[in-house]
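In what follows, structures are represented as structure tokens.
Okay, so subunit A shows up in both of these, paired with subunit B first and subunit C after.
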Partner chain A sequence: MEYDLNFSWTGTIGHVVIGATRADGGTRKTSYTLGGGTSLPYLDNNPSSPSPLVALEICDNPEFWSPIIRRFCGDLIHSTSDWAKTAETVYGADLVRLYLTSTRVRNFSDIVSVGKTIESVLDATALPLIIEGSNEPGIDSDVFQKCGETGQDERFLLGTAEASRYRSIAAAALAYDHSLIAQSPIDVNLAKQLNILLREIGVQQDHIMIDPYTGALGYGLEYSFSAMERIRFSALKGDTDLAMPMICSAIDSLNIKEVREADPALQDEMAMQWEFYTGIAAAVAGAEIICVRHPKTVRMLKNAFADMKNNAGFSGVK
Partner chain B sequence: MRSVTFLPSYRKVDVARGSTILDAAQRAGLNINVVCGGQGKCGKCVVFVQSGRTEFDKQKYLRFFSEDELSKGACLACETTVQGDLKVFIPESTIIQEQKILVEGRDKGIEFHPSVRKYYVELQPPTLIDPSPDLTRLLWGVQRSGGPVAEKIYVPLEVMREIPNLLRHSDWKVTGTIALVPGGYRLIDLQENDTSKRIFGAAVDLGSTTVVVYLWDLVSGKVVAVASNYNKQISCGEDILARVNFARKNGLTKLQTLAAESINVALTAASNTAGIDREDIYEVVVAGNTVMTHMLLGIDPAYIIAEPYVPVVQRALSVAASRIGIAGNQNCGLFAFPAVSDFIGGDIIADILSCGMSKREEISLLIDIGTNFEVVLGNKEWMFSCAGAAGPALEGGEVLFGMRANPGAIEKITIDPFTLDPLYTTINNIKPRGITGSGLIDLLAELLSACVIDRTGRINTGIENKRIRTGQHCPEFVVAWASETDIGKDIVITENDIKNLIMSKASIHAACVILMKEAGVSRHDISTIFFAGAFGNYLDKKNATIIGLIPEIELDMIRNIGNGAITGANLALINRRERKALDEIAAKIAYIELNAEPSFMDEYTSSTFLPHTDLTLFPMVQQLLDSCRLRKG
Partner chain C sequence: MIRVNYLMTDVEIAKKKGEDSLNLMITTIQHSISYDETAYHLPVSFALTGIAVHDIQSALDVFARTSNNPLVASECILAEKTATEGKEPAPYTGFIDDTVIRKLGYSLVDGSILGLALVVGTPHSADSASAICRELQEKYMLTFLAGDVISSLSHAGVKLGLEYRLIPLGSTPAYGIHFVDMIARVAMMFGGVTPGDTHRLLTYAAERAKAIVIVFPGLSDPEIALVDGMRVLGFPILSVGEYRGGDWIPALPDAVVRRGMEIKGIRVNITAIPIPMGCSPAFEGKSIRKEEMYVEFGGGRSPAFELLRMLPAADVKDGQVTVIGPEIDAMKEGGAYPLAIIINVAGKMMKKDYEPVLERRIHNFVNYGEGSWHVAQRDIIWVRISKEVVAKGVKMEHIGKLLASKFRMDFPQLLDAVSVTLITDEAKVLASKKDADSVYDERDARIRGMRDADVNTYYSCTLCQTFAPNHVCVITPEHPALCGAISWLDGKIAYEIAPSGANQPIDKGTAINVLNGEYEGVNKFVKKASHGEIDRCSLYSVMEYPMTCCGCFECIALMLPEVNGIMVVNREYKGVTPSGMTFSTLAGTIGGGAQTPGFSGISKNYILSDRFLQGEGGIERLVWMPKQLKEELKTRLVKKLSDQNKSDLFEKVADETLAMSLEDLIVFLGHVKHPALTMKPLV
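What follows is the complex of A and B.
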């Protein structure tokens, strides 16, 4: 069946730059310019659309991490820097997304350690970084300030701003020239509202990535997909408040019943498949960065993206 | 039996052990504020038990009281049962007070053409040469005096029975009252001698909160008195849903009686003011919402409030007023406005009649905000309508210091953008007790302009100002310090209050957009926005636009029609042609059920932003806010 792929779109997705090389004043081996799309990816008439980047998510207190990943990675998880290094050298990730889970304990106050952790990860890997700061309003200001300061000149992508708390992270991003993730709960209007709020306190459009929130396959992914489509369509039709690249994380996948309660022998495979298909759907809807936690999903996705570009189907799927 | 004494009025009442204090208060004739209908949800019926044994679950309702209040015996009247003889203090804030009720409708040159008239006739007594029957003689007389054609006048049996003696007793000088009812002309009354100057009619706005009556002299075509009072049904629940539920549990009789009584009280007051006899009221025209009209007529409203929301009757009804307990002449007729649907009732048809949108070529948008909101879009050719729950926030409910338009309610506010000090005026210019709906809208617009809140309504706690602080549960803004208030507490607006307000305004705006989309018109096609309802009269048009309560159009083109229901009822009372058009208007209006509208949630979410997620819909507001920001730097 033939489809007309000319949609008369007039909008362009804005650019966001993550990571700064030595030439830019940072220490990363590369810097990514995301966005710029004028259509949907993987359409027959859009062969040049870039593949999404794949980020591996790691953390600095693995107690908060899925047992599946803890088992798979073994001792690695006890050294945040080794974990970050392995993400680059062994797992093949394009980006490392560091969750500062150490801040999630009650009455956390050791802000200095936040800076040290980030420094150790900066030393361990040359990949551009996504840093997920605190998720506790009380310490937001200090933690984001420290993240911003430590990563000065490195052009981090800082996470995560929400409508209910965006001022601290925006302040840090503005002060140290980082970009930030703006997350809204699976709704095109709420996504736009947050972007307007950020714009009005001074965050430029080219420093925002939209996280539409990604439900796991079978657990709301279809809603996410639809929200992403609407966000992207609005942007392509000219709504600049939605014309930012998108970042999706398939992390809910590890918590769903099918994966959690899978036969131990199959659990890794289930986790990977679930993350993989969630990631593929997000990519097709237009996401520019896909985040996963299972190391093996990284390669699967990257192979699949390469194959999709060549119209070859998913050879990465076993 | 246990005796309960209410202070400070020392009213005493005996009730069965186990009755609630609310029951006792109602029996003592005290109107207690029960926003939730006595379900323990609103916390507005606070009373203080000074002595005696009661049962009350303090733990369960802890959130409504301060420590200090608890130590003084505070409890909720609706949830506290009488166990022993009691002394109960009712604070002023718990008693429903005289409200600032809107009695002025927009009066315009209305052509005077009532549907009930009196004809004084002096008849020749019958003779052997002229032996025509009494009735023929009487009706010919009426016709000769300018009345309708004799053959077309129907005479009910009760009046027929009166004729022979009355004619002879009065020496053939009588006054007949002819009413135009749906069946045609009807002789509804016959009196001795010339009483033709004594004929009055009443137009009634039967609101769920208030009843307003205009008393008209149907000979001179002038208003002779205006009166208003509370709808007594309030004691059975503040909102319609609570009352229908009350009717389900306890039967409809009480609510029917209370509705009629509420009208009677206003009728009596108006009659006394005008110095007329209630017996001379020959017609009552009632505009009320669908449920109110059903209740007044004693028609079960239970099926209106549940899916699929079907009213029993939509057409206009004419009944004998005495059959539903309305005090007037024994043959007084009552005309009830037609309805469109469950929530588009006679009050809205009256609004439409009063603003004249059904006669205009241009498209108008009518918004009636009360306990619920109703929206009508259209012109003389077509009309769409919808209705929904705005939530009580805009009327002061579900807002910590929200209150009705009672004395002491802040109704207008401006805020200095730099010091953040508010300037406010209260009803009756007394010390503030709370904030009324129009005040809340001002507050929201001013806080936004002063950058105290962002577009989602969150308070920027980073601002250093003593008025911005974190309260017990969430950030809040102090509108008035305890020392300047009448209640000895700081009057604040909390972030939760603001959220409730935004939800209310979002549902109204979303409803407007749904109708506009349905009709395929944009805001540029709307020539006029009419605001109706008590709330609308005090509303600041600019602030209503700034917060995105209504679509942005030229401010000059926004009109407050005030109490459109009473104006419409007046029109229908004194001009029978207008009345005839009502069923036609009602039939022309298409009703959109918002619950069944798939895009409603989407429109709603995009409206939960100040003024709206799509800023291009509010260019004037955008410009204004930009300049406010610029000024603040």
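What follows is the complex of A and C.
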């Protein structure tokens, strides 16, 4: 049976640029232009669609990180900059996503250290960066101001704006020319509403990536998948308020029972597989950036994306 | 203390003279002019024309292109002065560099600064100047100062600097131009204004830059021309000095900040309510039993009423709470006292139509109080205050504060000012109740008069798309949302408060089928909002293209072909209906955003609407309802039916005590000669 793989879509996903090279005034070795799609990825009629980028997530206070990663990485986690460096040199990530978990300590006030951490990561890796600011509304203003200022001219992707708190991130993006992640809880209408709020405050569409919130495989992924489909279909049907690239991070993958309680000998493998399959699903739904926490998942995904692009099936899929 | 006496200055005349001298002064520029630490050259000139001014030629060029704009002249003249004489010593900041401007702009977008103020001139007294500046600080305004006001504040011991949100620009009002060059740069950095795009710059300044200017006496003519030139940016110029004429707004020192913020629509967000008891929706469900109660009002035990009215802005002092009559400490424990809750509101967006909707919120807000409880509405309210919180020091005054604050917090777009009066003196309660009664009557008349045919705009509700992805509720004056929680007026207000929210206006367009309530515009909207799933939607029909159902419906109306009628079952009814199914089984079959001909989710109030079952021939189709629902609607339904000369219909509608099964229902309806039996066949 023949399918019409164009679905009479008329819309195009807008572009978002992450990372600035020396030519653009920054210090990154490369700059990514995401988006631009006019259809779904991996369709037979669409061989040219680019593979999603893979980001490795790291943090600056490992107390707030999965014990599986802490064990796998060993001493590495105590040096944010070394961790960031291996993301590029050892594990082959396209991007580093730095979570400033140090700001989650009760009564955090050392804003200067935020700038220093970001600087050390900028020095350690030449990859474009995604920076996750504070988790606490009370310090948002100072933390995001510092993130924005430290990364001026580097074109960060800043996270994460939500409908209830987006002003500081928007301000940092506007003031220092970064892009931002707009997250809504698995809901196409809320995603749209947040994008409208951001537009009203002055953030241009080409500075926004949608995070539809990604549930882990078996723990809500199907809802996320459906929300992503609907976001992407609306965009392709011409809704410009949803025509932004998407970023997915199934951060719950390492906390679910099957991974947490796995046989210690198999735990790394279980964690990788869980992140891997969740990432594959998100990629098929149209995500432009897939984030993972287990360093070894990075290469698995990258290989699989290359094979999928060549129509060679999924290597690594068991 | 500085005291300066000036004669009244005519702004128009001074401005003319000032402009003449500026025209002359700009031609005398000799040196090259530029500021360090900015990528925007002379920012005002650059933003207006895209031209980088660095010398007399470019200065005159820009001046001519902007039709001799006094802002441009002031900028060039001050830039030359700074270039030749150097910056003024501390505390004066002079020209502020880009890095600082970026941080200031950040705080503006971020919301930690609400707006900007420029204060210039020579205040009558240090006290009035510091009072104004303190008020600006308290209201999260970032204030720039130019002229003698700075030394006046320093002498009064007021701390100046960015960290105090009081920035001393320079020793004369002429330095006020830095206020404008700052806003020009914020517009270029944050507002996407390209240099030379005058139109966008002016729009940005007028709509986004929430800026006001406060002028003390003592400005020279060129300074008056400079300040007056800022009007083009949409900044209100408020004078607290001896100025008359022109478009300056005279104001008293103690009212000037409020006035300016009102004009620019700058609102302070209240975050904590200063009362000695907790206040949160978490307390809403609690009740205060007789033995826990310190004092009560209304509830049939004493006269009590509540009223919310809209008044002109000048008549409402925001946050004012007045208690007339005895306070709680003068009331006996366990007693019942009279009470009037009178709330006056003002707001540019506020409309008279919203009064009753907002008035209903008194109920929620009083219940938010840890130790205050409220039921019913209008002149049948019943309010209690608990012993526990009276012991903590709660008084009537605090109930007033709670109401004033909550209204401002929950309706920031709608309300600019809220004041509350609580009357506990019986004679005065009764006197003001007369006014309230006439307001209630007026409102009833207005709502009664509201028909679907009278309005062209209906409202949508897609709140439930979270779990029913393609569901679209269409709300009309006679057809509330199927959950019963949102009326047409609520939808309208919700849209005005949150224009990108879940309630959107629907232009109903031309009628396709008047009886079924099918409209072209509604169909078009529903098609789009249902993501292309639903093509047609009739508002008043169960049989043809009924509205989709989410899952929140108060009742389900469904067709019973065997009796040629329609039955309604409400959520509370747990038994089996004549259809052979319970409410929950039925709900499971029709929910999730689907359109199911023969079934419709409805609100209880819709049963009382003239549009109820209009597509199927009206209320005569109604054959069965649970007894509890019948009782709940009885008074209103009987009255409605008798108005339509159908008094006998109420008794002909069966319930579970009259007919449990379909067989019983057929027998019962035949016995009472229910009109549905002889109506046009449903299928």
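Just so we're on the same page, the second predicted complex is superposed on the first by the 314 of 318 C-alpha atoms of A that agree within 3 Å, B and C clash if a C-alpha of one lies under 4 Å from a C-alpha of the other, contacts with A are read in each partner's own complex, and residues count from 1 in each chain.
FYI, a residue touches a chain if its C-beta (ideal position, glycine included) is under 8 Å from a C-beta of that chain, and two chains touch if they have at least 3 such contacts.
This is a predicted model, so every value here is computed, not measured.
When both complexes are superposed on subunit A, subunit B and subunit C end up clashing with one another.
When the shared chain is aligned, subunit C comes close enough to touch A:176, but subunit B does not. Once the two complexes are laid over each other on the shared chain, residue contacts for A:163 go to subunit B alone; subunit C is not touched.
Residue by residue along subunit A, subunit B and subunit C are tallied for touches, and C comes out ahead. Looking at the shared chain after the overlay, A:126 reaches neither subunit B nor subunit C.
Residue overlap on subunit A between its contacts with subunit B in one complex and with subunit C in the other: 167, 187, 189-190, 193, 196-197, 200.
Within the complex formed with subunit B, the residues of subunit A that make contact are 163-164, 167, 187, 189-190, 192-193, 196-197, 200. Residues of subunit C that touch subunit A in their complex: 102-103, 105-112, 189-192, 208, 462, 465-466, 469, 500-502, 531-532. In the complex of the two chains, the subunit B residues touching subunit A come out as 454-456, 458, 460, 462, 602, 605-606, 608-609, 613, 615, 629. Residues 141, 144-145, 148-149, 167-168, 170-172, 174-176, 187-190, 193, 196-197, 200-202, 204, 226, 230, 233-234, 237 of subunit A are the ones that touch subunit C when the two sit in their complex.
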